[in-house]
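What follows is a short report on a single structure.
Per-chain residue numbering starts at 1, and chain names A, B and C are given in the order in which the chains are listed.
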Amino acid sequence: MASLEFTLAQLAQLLGATLEGPADRRVSTLAKIEEAGPAAVAFLANPAYEPHIYTTQAGAVLVRTDFVPSKPTQAALLRVADPYSAFTKLLELADQYVNASLLGQEQPSYLAPGVTLPADAYLGAFAYVGPGAQLGAGVKIYPHAYIGAGVSVGPGTVIYAGAKVYHGVQIGARCIIHAGAVVGADGFGHAPQPDGSYRKIPQLGTVVLQDDVEVGANTVIDRATLGQTLVQQGVKLDNLIQIGHNATIGKHTVMAAQVGIAGSVQVGANSMFGGQAGVAGHMKLPDGLKVGAQAGIGNNIPAGVDTIIGSPAIDYKSYFRAYTVFRRLPDLDRRLDALEKRLKREAD
Amino acid sequence: MASLEFTLAQLAQLLGATLEGPADRRVSTLAKIEEAGPAAVAFLANPAYEPHIYTTQAGAVLVRTDFVPSKPTQAALLRVADPYSAFTKLLELADQYVNASLLGQEQPSYLAPGVTLPADAYLGAFAYVGPGAQLGAGVKIYPHAYIGAGVSVGPGTVIYAGAKVYHGVQIGARCIIHAGAVVGADGFGHAPQPDGSYRKIPQLGTVVLQDDVEVGANTVIDRATLGQTLVQQGVKLDNLIQIGHNATIGKHTVMAAQVGIAGSVQVGANSMFGGQAGVAGHMKLPDGLKVGAQAGIGNNIPAGVDTIIGSPAIDYKSYFRAYTVFRRLPDLDRRLDALEKRLKREAD
Amino acid sequence: MASLEFTLAQLAQLLGATLEGPADRRVSTLAKIEEAGPAAVAFLANPAYEPHIYTTQAGAVLVRTDFVPSKPTQAALLRVADPYSAFTKLLELADQYVNASLLGQEQPSYLAPGVTLPADAYLGAFAYVGPGAQLGAGVKIYPHAYIGAGVSVGPGTVIYAGAKVYHGVQIGARCIIHAGAVVGADGFGHAPQPDGSYRKIPQLGTVVLQDDVEVGANTVIDRATLGQTLVQQGVKLDNLIQIGHNATIGKHTVMAAQVGIAGSVQVGANSMFGGQAGVAGHMKLPDGLKVGAQAGIGNNIPAGVDTIIGSPAIDYKSYFRAYTVFRRLPDLDRRLDALEKRLKREAD
């Protein structure tokens, strides 16, 4: 909750809770019940954690309306219908507070002539906004962020420290771009020449991030050769992911860290990728696909396939059954050998 | 083409094309024929795409000299001998324009005393150039780039936003270093101590990038312990690649995203690496090697080997043949079991 | 040694060496004996390298006290009890010198009101230090580094160019954070909603790096949901590594580049990870574990397991034995087929 501070009375009012404890006690952070200190609010939802409430250092604990402590507690009790939901409400409040308190233009920063910073936006020191960029209401642009020429950033989007957005990229509303992410670098295209060298194929397309996209730290999304690399609404990308040029990532797909999507791949909607999985260029994947960690996809996957893993990736049940036998391969080899020898003896 | 704008008459003159259409129509971008808008130039090379020319919104389309439309077209026609080559010429022109228009020193930026910016170079706001650095003619250094002490940057090289080049690194001519790339960070060397801790081995070597090298976004190339990590002429590295200390990457080798090359590896010339492949420390690889995606190389590879894949990597045909049987392993296991049982019954 | 320059007389005094050669010869760098130039000091420890001492261009070579050259040498000789140790001493001296010479606050830089820079510290141009941050004695913060609000940085820690440390992160003493590393970005937590979209779970915990931790270039360590992501004393992380939220990395563990550790994983102490290995969420690993390159760990590993590899990872000897048979699978398949046919013939 950073410097966000409440008295327990204020907190009770905010949550519609009944307070048992000192109304003027101040709390300023949120914690797990087993780790909480005196300035923290914790919660007790799972009865298995009840023993912690008698030993916790928390300033206050959110408990069910009907909770009956079997011993006295040092922590104040805030009684609510659903402690976990109330705690989540506090989490979101604290989270919003971190960015909400950032307002205005820190100096020195660079705002190209003609670009205006909306009144409720933040531009951190050393942030750079190039000519022709358009910034939506309430955008938060942290220090060292680079917004190239002609980039558009939708309302409510947060761009963390040192994220780099190349010229012409379009970013939707309520997106989150984490530190060090690079959006719109050149796609990897080089034409082989007769002498063995390569000639760069210019990359003149762009990247479009639709609304509610989250891009993890140091993740890279390349610009298209022509046209656009498209990340659809609600996609959540973890850290250190590669999205190649002209790829499309369908809406509400989530990818764990270090996934690699090559150029022109079409990833469906509502898919899930485990960490370090990879997809080769130009593959087409169906909606709702689940891709196991470290899977390597080198073929188009038809609709209806549910979960794949392995490299090359196959149906995950088939993979694990085969892998179980793989571990016994030296034994299979010996058994086969024994059978051959026996039949040879019998034949002799 | 950013703000680069031509009339069709100018374009016809530039390309030596014959124009059929309004001489004063203005175009300012390039696009695929099926996606082009009125301000775009597209091309028609493959006859399979001919139907698009009757429906395209493009302002003009490059067509073969002998193209005979079967219906009227809204787009102007620019007749040339080779539409794809002419289009590529426009792509390169547009690409060069993006950087050519960047000139001079934006403020605030940091140029150490004694370092001079050539007249046709660009230093973006918040870029940092340390003492003793040498900048070649026409270099373009984007905002937030860091050029450490004593770094040399060859003529025509472009260093994008937030790329970091540690002290003493040497960068050749016409290189491209994308955003967030780090060149010259310490190699990973730590000597184990009797108490289980590690003592850092100082990394005092450097990195040399020869001419025409491209380094992808957030790729990292470590400095040598002593001597140099060497990336030879014309090497093209995609994003998020790791090149360890004292490695050598032979000329005109290309690597897809997320490849990892450990320390002291010698990669040959004219090689190709698929995404997420890895090579263990000190391995020596031949020229012209093709490495499949996600391959793991833990042995030296002799000259003459062509294409490898798998982890550990083996000849790719052998790998795929073995993998085909791998998928049927539970069946093999059952068949072997059945044979054993049958022979046991017969023996009883 | 950058601009660090010694006469051989000074060097002899510094190392307690006996000098054979010109006392006023100046040297300013360190190199391998086979690559050294006239301004370099090299060493000869391994007798196999003796031939190089008669051809080296080095200004001076560290040799054993009892070394007897069989021919004249151009290089001066510096006789010491242990040439490699003496050379390491020079390496460390040179390494320290690079950072020791950086002092004070370059401008423009951003130090939030109330934050003080210790007298022997360095804050590079365009570095940003947020409100409430605490900087220890002798910290070196390079250009473009971002130190968020309330971050604490222990004495002697070096934060290289463009590293990003989010608000509230705690960094111990003598840590090294390389360029582009991101510490404290949001953990990857999103709750699926009934309509297929995801709702972000706020990440309000932090990251704690204990003393003597090294974080490689472009490596990312996510902040915890609640509580902390913990990197214990002496851990060494190479480049482009992912450490997920709420993970714990035990002390003196080393990880090669591109390793991925998912959320809530507990890695033991004194472990070693090969490059591109991955661990799935919530796994618990024992102390002293060795994980092979590209291994994928999807299960808890019990204490006592030594070395694992493969995906899913198993004991490495078992893996390589099985893989040896894997390569011969088409042959096994044919042999099994032959046996079946033979028995079928016999049965007919």
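Methods note: a contact is a pair of C-beta atoms (placed from the backbone, for glycine too) under 8 Å apart; a residue touches a chain by one contact, two chains touch by 3 or more.
All of these numbers come straight from a predicted model, not from anything done at the bench.
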Inter-copy rotation, chain B to chain C, in degrees (Cα atoms; steps of 5): 120
Copy pair chain A, chain B: interface residue numbering same or different (half cut): different
Separation of mean Cα positions, chain B and chain A [Å, integer]: 25
Numbers and ranges of chain B residues touching at least 2 other chains: 108, 126, 144, 162, 180, 218, 240, 258, 276, 294, 311, 326, 328-329, 332, 336, 339, 343
Chain A to chain B touching residues, read off their complex: 108, 110, 126, 128, 144, 146, 148-150, 162, 164, 166-168, 180, 182, 185-186, 188, 190, 196-198, 200-204, 218, 220, 222, 226-227, 240, 242, 244, 258, 260, 262, 276, 278, 280, 294, 296, 298, 311-312, 314, 318, 321-322, 324-326, 328-329, 332, 335-336, 339, 342-343
Residue ranges of chain B touching chain A (in the complex, touch as defined): 1-2, 29-32, 35, 88, 91-92, 94-95, 98, 106, 108, 124-126, 142-144, 160-162, 176, 178-180, 212, 214, 216-218, 234, 236, 238-240, 252, 254, 256-258, 269-270, 274-276, 293-294, 311, 323, 326-330, 332-333, 336, 339-340, 343
